Amino acid sequence: MTSTVATESTPDSRSEDARLERELTDTWRLCRGFAGWFCETNHTVIARRMLVTAFVFFALGGVEALLMRLELARPDNHFIGPDRYDQLFTVHGSTMMFLFAVPVMQAMGIYLVPLMVGARTVAFPRLNAYAYYTYLIGGVFLYVSLFTDTGPDTGWFSYVPLSGPQFSPGKRVDVWSQVVTFTELSALSTAANLIVTTLKLRAPGMALNRMPLFVWAELVTSFMVIFAMPAVMLATMCLALDRLVGTHFFNSAVGGDPLLWQHLFWFFGHPEVYIIFLPALGMVSSIVVTFSRRPVVGYLPMVLSLVATAFLGFGLWVHHMFATGLAELGQGFFTAASIMIAIPSGVQIFCWIATLWSGRLVLATPLWFVFGFVAIFVVGGLSGVMVASVPIDLQVHDTFFVVAHLHYVLIGGAVFPLLGGIHYWFPKLTGRMLDERLGKAGFVLTFTGFNLTFFPMHLLGLHGMPRRIYTYRAATGFGPLNLLATVGAFVLLAGLLVVLTNVVRALLSGRDAGPDPWQSDTLEWSVASPPAPYVYEHLPCVAGRYPLWEGIRDCVVEGMDPRQRQVLVTAALDAAPDHVYVLPGPSIWPLLSAVATGVTFITMIFTPWAVPLGLALGTVCLVGWFWPRPPHEPLLAEQP
Amino acid sequence: MSERRRVTVRELPSYAFGPRDPMWWGVALLMCIEGTTIALLLLMYFYTRQRVDVWPTTAPARDSLYAGAATTAVLLASIVPTHLMNGAAYRGDLARIRRFMVLMTALSLAALGTRIWEFRALPFRWDTDAYGSVVWGLLTLQTTHLGLGVIENLMFVVLLYRGPVEKKHLVDVEVNGMYWYFVVGGWLPIAATIYGEALFR
Amino acid sequence: MTGALDPASTQALAISILWWVFFWTGLFVFAAVLVALVVACVRGRRRARREGSAAEAVPERSLEQRRERAVLAATVLSVVILIGLLVASIVGGRYIYGNPSPPLPVKVIAHQWWWEIQYPGPRSSDLVVTANELHLPAGRTAELELQAADVIHSLWIPNLQGKRDLIPGHTTRLSILPERVGRYDGHCAEFCGLEHARMELPVFVESPERFSAWLTAQRRPAPAPSTPEAERGARIFTKGPCAMCHTVTGTDAAASVGPDLTHVASRAWLAAGALPNSPRNLRAWLSDPQRLKPGSQMPPTGLSESELDDVVHYLGSLR
Amino acid sequence: MRAPSLLLLALLSAAGCRRERRSFSEPSPLQARVERAEPLPSGEPLSHFLDNAWAVSEGARLFGWYNCAGCHSLGGGGGMGPPLRDGAWRYGGAPADVHRSIVEGRPNGMPAFGPRIPDYQTWQLVAYVLSLSGRLRLDVEPGRPEAIAIGKPPVMVSKKLPSAEPLPEAP
Amino acid sequence: MQASSRAAETLFIAATLGLLVFGCHRGPADAEPPTGRVVLIGGRLAPASGVEDGEWRKVAKDDANTRFSGLATITPGNVATLRVAWTFKTGIARGHEAAPLVVGSTMYVVTPFPNRVHAFDLKAPNGTPKWTYEAHPEARAQGVACCDVVNRGAAYDDGRVFFNTLDDHTIALDAATGRELWNTKLGEVARGETMTMAPLVVKGRVLVGNSGGELGVRGWLTALDARTGEIAWRAYSTGPDADVLIGAAFKPYYAGDRGVDLGVHSWPPERWKIGGGTVWGFVSYDPELDLLYYGTANPGPWNNEQRVGDNKWTSGIFARRPADGSAVWFYQWSPHDLYDYDGVNESVLADADTPNGPRKLLFHADRNGYLYVLDRANGQVLSATQFGHVTTSRGVDLTTGRLNYVAEKQPHVGQTVHDICPGSPGAKDWQPMAFSPKTALLYIPHNNLCQDEEGMQANYIAGTPFVGEAIKMRPGPGGNRGVFSAWDPLGAREVWHIDEDLPVWSGALVTGSNLVFYGTMDGTFKAVDAKTGALLWHAELDSGVVGQPITYRGPDGKQYVAVFSGVGGWAGAVVPAKLDVTDPTAALGFVNAMRDLPQRTRAGGTLYVFTLP
């Protein structure tokens, strides 16, 4: 279908372009006004809201971490009582894992994947809006509960029977299980959105082996979400049923089993940490390629290691349960699997180093964050290999050594690449450049603060400091290292505040970035910054893996009707154009459905009548959402 | 202006069936999610089974077996109209689509009816013991899928008879048929587990 | 350097050796990666200064193959290292389970926020029930049978052995062969509620002679109160709130939901490691336990001052 | 539109706070045990226990520990002692009457636990006993225990607590 | 509607299953007999004691506990015309488990709490007592009576009537006037002790025992001097040999029962002080051997994991000298009892001529589901055969005497074990069986109950229950909760049985004219043929029958049959105490099996006397 026609920029083609732009702007215009805010479904708008919300929750999680550090700074400290401290560390863990890490990575995906694959929108924009509102309601519900003394207090993985009906009275754990259900519902919707966008809306010519590595990372992550999240939704639903209507899934007295909860939760739990970590790998790949000014070494090994990490991720959840005394043979298998998963990550790091080794480096701030990532993540990875060995894990499991390990791989492995990605894509999102000096200063402070805070925890763990204790005796000798960690926490806070000031300053008076400040290789740098609502005037088509570098920026798709919100659907493997369908415009129904879901789940805690209520609301929303809107393309001319 | 390669898409159709259509992928992913949930709940059933000394603790009465068989029969029967409806959808034959959609919706409502009979026939409640919880869990999960399917079918019936029927709705009909195959397919392992256990106890 | 890296038992020794193997290997790998990163950074910067920062879309074929072979080599090396570590881990693992000689049976039951320890004897009447203190003879393997009375706990004595969870509905085992005599700190390592932080277990490893002396002392029922205060204290104890939860073998107080106090005066710590055992601390604990361990299931007894003195005196006599 | 929603939020959070508060060493609301004789107040101090889920769950634990379950059975269906699950009260079902039954005992075999149970724990037991007949707020009702399945009591039609005057002496 | 339709449907299935089970002649024949059983072939049995006097001087008719009366005026032929002669309402609505006594022309009865004694002049039977004695027991004793405030009857000897009150007093009354002669206090209600048993008077010794095993009460049997009421001797069921009166004369048959101070060393330290082993059943006496036989109840607490060891001397049978109480032999029915199988059930004494000479036997239907035939001279177990559906044990090893338990059915703390049969009330609880030397058969009223059970940590507080088990009982296989069976002890096989819907909680009576009388918990008093079990006559009483029927010859020479109605006891507690049937664990789990009883009968208490028109 591709025909090559030589054209030159005649005056009428320039005016024809202007008319095209006017019609596209009109077709894809954003909603106006207060009401418009709620019915907007443009993927860049929703993604920006999700990013801002995620970072607000990151800040709240950070405040909770600081309060915990203040409590642990001195032995026998009663700055916060045990009840309040339990709520703090549970809400800190739940916020960081469910309300920040997964949503922020998916928000970056929702914003960048359509741009990178050359599409004007995600496949299901209304589902995307619904996902954001559900996530927002879940997060607000958690924090309203925390401020009404109903914050969950049994840890971010809430082991039964402590979180069961007998040992956790009141509605605290119910709040936790419903918040998890909210965030998982949102993550599943976003993941489905990303998969279909990546597989069906790629620009013509972008076969699977020409997709950018960040898009590969988001695709693999989304498939992990699809198969991991149902486990935790099932687990929290069974816990809620145990607590509210008296079922016996986890009641060991009647045949249930507390270990069943652990199996179900960690079958989701371990893939969850890879769901957080894989998009970060995609960001690092993008940054390394751009600032090495050359293609990545070993594109295929990188993709295969992403897929390998995903598959292996599902096979080693039992390493969280070595201390439960399961059969030794089983532990041997899971030790091997847990050690082997270090290999794909190792391959990625070796490929990045090889790329840097043979590239022409531009030492911009994003690359500094990548260096910080490599340094910290390798330490986290190695302590991970240590924790994979059963005998060592029996010493360090549920101690501050594990707290150090998980922060090294999560902050090191995910937050540092994320900060690098923010510095790298900030110009594209806002059209402004961040200040390099402030960026590097922020990195240095964050890097030192991080290591000051979390490296001493390795030693504390080995000395015998258990996890989740609100205080400790002076005689245990944990005091000095804890004080050091608290000081480090404030240095880390300082670093993050520097990054924040850099962002705010850039928003107010940052240098104009233009479409491609870093002369990068992927398609999102071929559009304006920030991109127009219709993103591409002409949908691009691609002939290589690094389109902007291979100078074939001018391949375009024509024949799309600018007066309709048309989407070009292409084949999954080789992205050959297949058909063009019309996308529904903005709609209020995603918000109404999210509110209906919210009302149902929240009232479910208090009364079983929430189920019929939810059924009624759900039906109304389903009909409102899917009912066809004019203009109609009637199937049969004569029938109404 | 360098040479501009052009890919023309003006002649492409406005809808496509099967995996060529994004909505098909959306529902396929929903089937993966719900399929994983069914698989995990079945694993929970067998995990709990090996921990309880007497299983099934309160055996389903004969009445339950009849009810289970009835639901299974109705669901299997509903596959035929679904298959024919898909065929009609491929050919765009609105009259036959309507007829089979009504038949399929009727059968799905019948399945909902026999499911209520199943719930009433169980001689134990969800809070009697671990066995009761897992069986009620499996049945409730499947009823959720069944309920969603019934609502969608009803919506389609109303749309096909009253509303503006568009070309792209053919794809939606085919996708709804696929989801219905999943509802029936999801029920078979659950029925085999619950009622098979009671038969060969 | 207390804790896991100061082993006082065969199991802890095996684990600490394995730890150092993993540590030094990890350090080597970390150093190698860091060096590679720095070198790559320097070379890359120098190349950028030499050739400018234009993007090199299609790098030279032969150089690219050499780089991919380098990556392959690094991967193979790390696979070899990881397999080595796996083998070391499995070999090391064998030491923490094996127990050659017939073990000393000890039963540990974890409650919300204290430890119940039982030493079964040859006859049923030789059973010793104590709380919040574990005595082990040096040189003899002790097999701890672990059960939980309410939620999941985890017994962890860093100097002696890896941790093992105590799970309601399951019985798990932990075998320890202590070598070095001394006092070690045990902790609850699985979050178990409000006072998870104050659920410690002091462990005393003694010579076999001292251990059997201690055991025979613990087997004797509580000595009868000798002084008038002790008698008054005993009466308050058995008639008042104490006998609703605690046992003093030999008296009418036989409730078992609270710790056994038959030989409470012989213990080094009070309230699972909350505070050292002294009459003053015992008095502070009895008058307001919620201030020292908020959320603990020990209620304020509401005894008057004189009643408190008598009870403290009586409990002090329970050697 | 904003005022009522704010009011609703305040109401909900107050109810939430009251339901969830963990109070450990607060002094007994009814002064020292020694002043047992003065008339039992009604109203305020009770919501401190009757609307607090933690107090009810502590009451459930003590109902087992202090052997109330021995005579009144685990689910409150009765045995040696009368059933606590139905609406019939031999010595008055008001919280104050139940409190007096526990503290002073009753002639037909209920032992006096006054000197042996701290006062706030007695009020926690009262809260749990009233939950056995479904008299507490739905969100304060305790969940199922980690034990053999007993099933919830039939929810009482009238949530109103019975009046304070005791019934005539049982035959 | 839904509940009843489901109940009907379960009955339908149960009935068909029941037929299946009945068809295969449930009973010992098909259960392979435990190894090494001694079979006495062609033995002739004679009642240990004397000739028929037409009276009913002891609750069990005679020291051998046969409950057999030689009277034969009422015959299977004319029993159909039996009608009420007179009745007396006691005015108490609790469980009436007592047996009336008839001495000369006076009948004496003891009522449940508040334990009144009424004497009736049988010459002018108009239902008004000649005299009434009010014992005024302490009201708080009702709070520590585990299984309803019952009393199982009085004893008569030498012009005196002896009986126990719930608050641990043994009282002697002058038979003629009802004047109190002496009143001895024997136990401490504050520690949970009560007394419900019927005393037995032997050679001037009044033998009484306590109850309260569910409250951690340490059991004893006490002998009081019949004239003065002082304690002659007291034999504890646990503790050092001195307390248990074990001395040189003690020669138990089996090695497991030999040892020093086993009552201490088979318990965790000091736990024997709250170890149960109470004595609340019936006592038998063999004048030739001069031996008393009585059973000891279950060890405390029910949760077996809190009392590691065999828990000597609970759930067993003692043979003692009445003079000084010294123990001669002991056998433990259920060592380290797991399911509250008290060993207090009555022992029927009988002699048998066997090919190798006469043998002194003892028949005992225990709660663990076995019908034992012992040699009552030395305590050797001659045969132990299952007479009900048993899943908790595989059989009794006759070489060691030990009952071997099924490990999977052992209750544990925090774990529910299902299908424990027989349930805690046992295959037969206290309801006494009768033995007819004419048919040489035992007539056993018993239960058919199973249960699900979860162990819990029992917390000992003096005066409150010390159990540690959460139980839910269910009807046994066949759906019927009770059985009345005739059993040939020598052949160790069942002859016939009648399936009763409710547990048969009343005593049995057999007469010289081969008539067997027993009552059901829904208030039917039945007479059946001793040989075939055919129902010959029944009468509907005002309340369930848990009493012990007796028969006597009145002053007018006619034969009378008397029985108490008044549902109660552990099985019937749900009615008089108005327990809540929505809680399956109420009344230690019995309510779950007796949900329908409140609709089947009302609480009450009436003495019925029947005679021919």
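Going by the order they are written in, the chains are A, B, C, D and E; count residues from 1 in each one.
In this section, a contact is a pair of C-beta atoms (placed from the backbone, for glycine too) under 8 Å apart; a residue touches a chain by one contact, two chains touch by 3 or more.
The structure displayed is predicted, hence computed values, not measured ones.
Note on connectivity: the fewest steps through touching chains from subunit C to subunit D is 1. Where touching is counted per the definition, the chains common to subunit C and subunit E are A, D. Common neighbours of subunit B and subunit E (chains touching each): A, D. Averaging Cα atoms per chain gives one point for each, and the point farthest from that of subunit E is the centre of A. Across every pairing of chains, the maximum count of C-beta contacts belongs to A-C. Separating the CA-averaged centres of subunit A and subunit E is a span of 72 Å. We define each chain's centre as the mean of its Cα atoms; on that basis subunit D and subunit E are separated by 40 Å. The distance from the centre of subunit B to the centre of subunit C, with each centre set as the mean of the Cα atoms, comes to 51 Å.
Chain centres here are Cα averages; for subunit A and subunit C they lie 37 Å apart. Annotation for subunit A: residues touching 2 or more other chains are 83, 161, 167, 246, 248, 251-255, 257. Annotation for subunit B: residues touching 2 or more other chains are 52, 57, 127, 129.
Within subunit D, residues 22, 65-66, 144, 146-149, 151-152 each touch two or more of the remaining chains.
Of all possible chain pairs, those that touch are A-B, A-C, A-D, A-E, B-D, B-E, C-D, C-E, D-E. Those residues of subunit E whose C-beta lies close enough to touch subunit B in the complex are 2, 6, 9-10, 13, 408, 416-419. Chain contact summary for the complex, subunit B toward subunit D: residues 125, 127-129. Only residues 150, 168, 194, 239-241, 243-245, 257, 288, 290-291, 294-295, 297, 299-302 of subunit C touch subunit D when the two sit together in their complex.
On subunit B, the positions that touch subunit A within their shared complex are 1-16, 19-22, 25-26, 29-30, 32-34, 36-37, 40-41, 44, 47-48, 51-52, 57, 92, 94, 126-127, 129-134, 136-137, 147, 151-152, 155, 159, 163-170.
Touching subunit D in their complex are the following residues of subunit E: 139-146, 214, 414, 416, 452, 454, 456, 459, 461, 463-467, 470, 472, 573, 577-588, 591.
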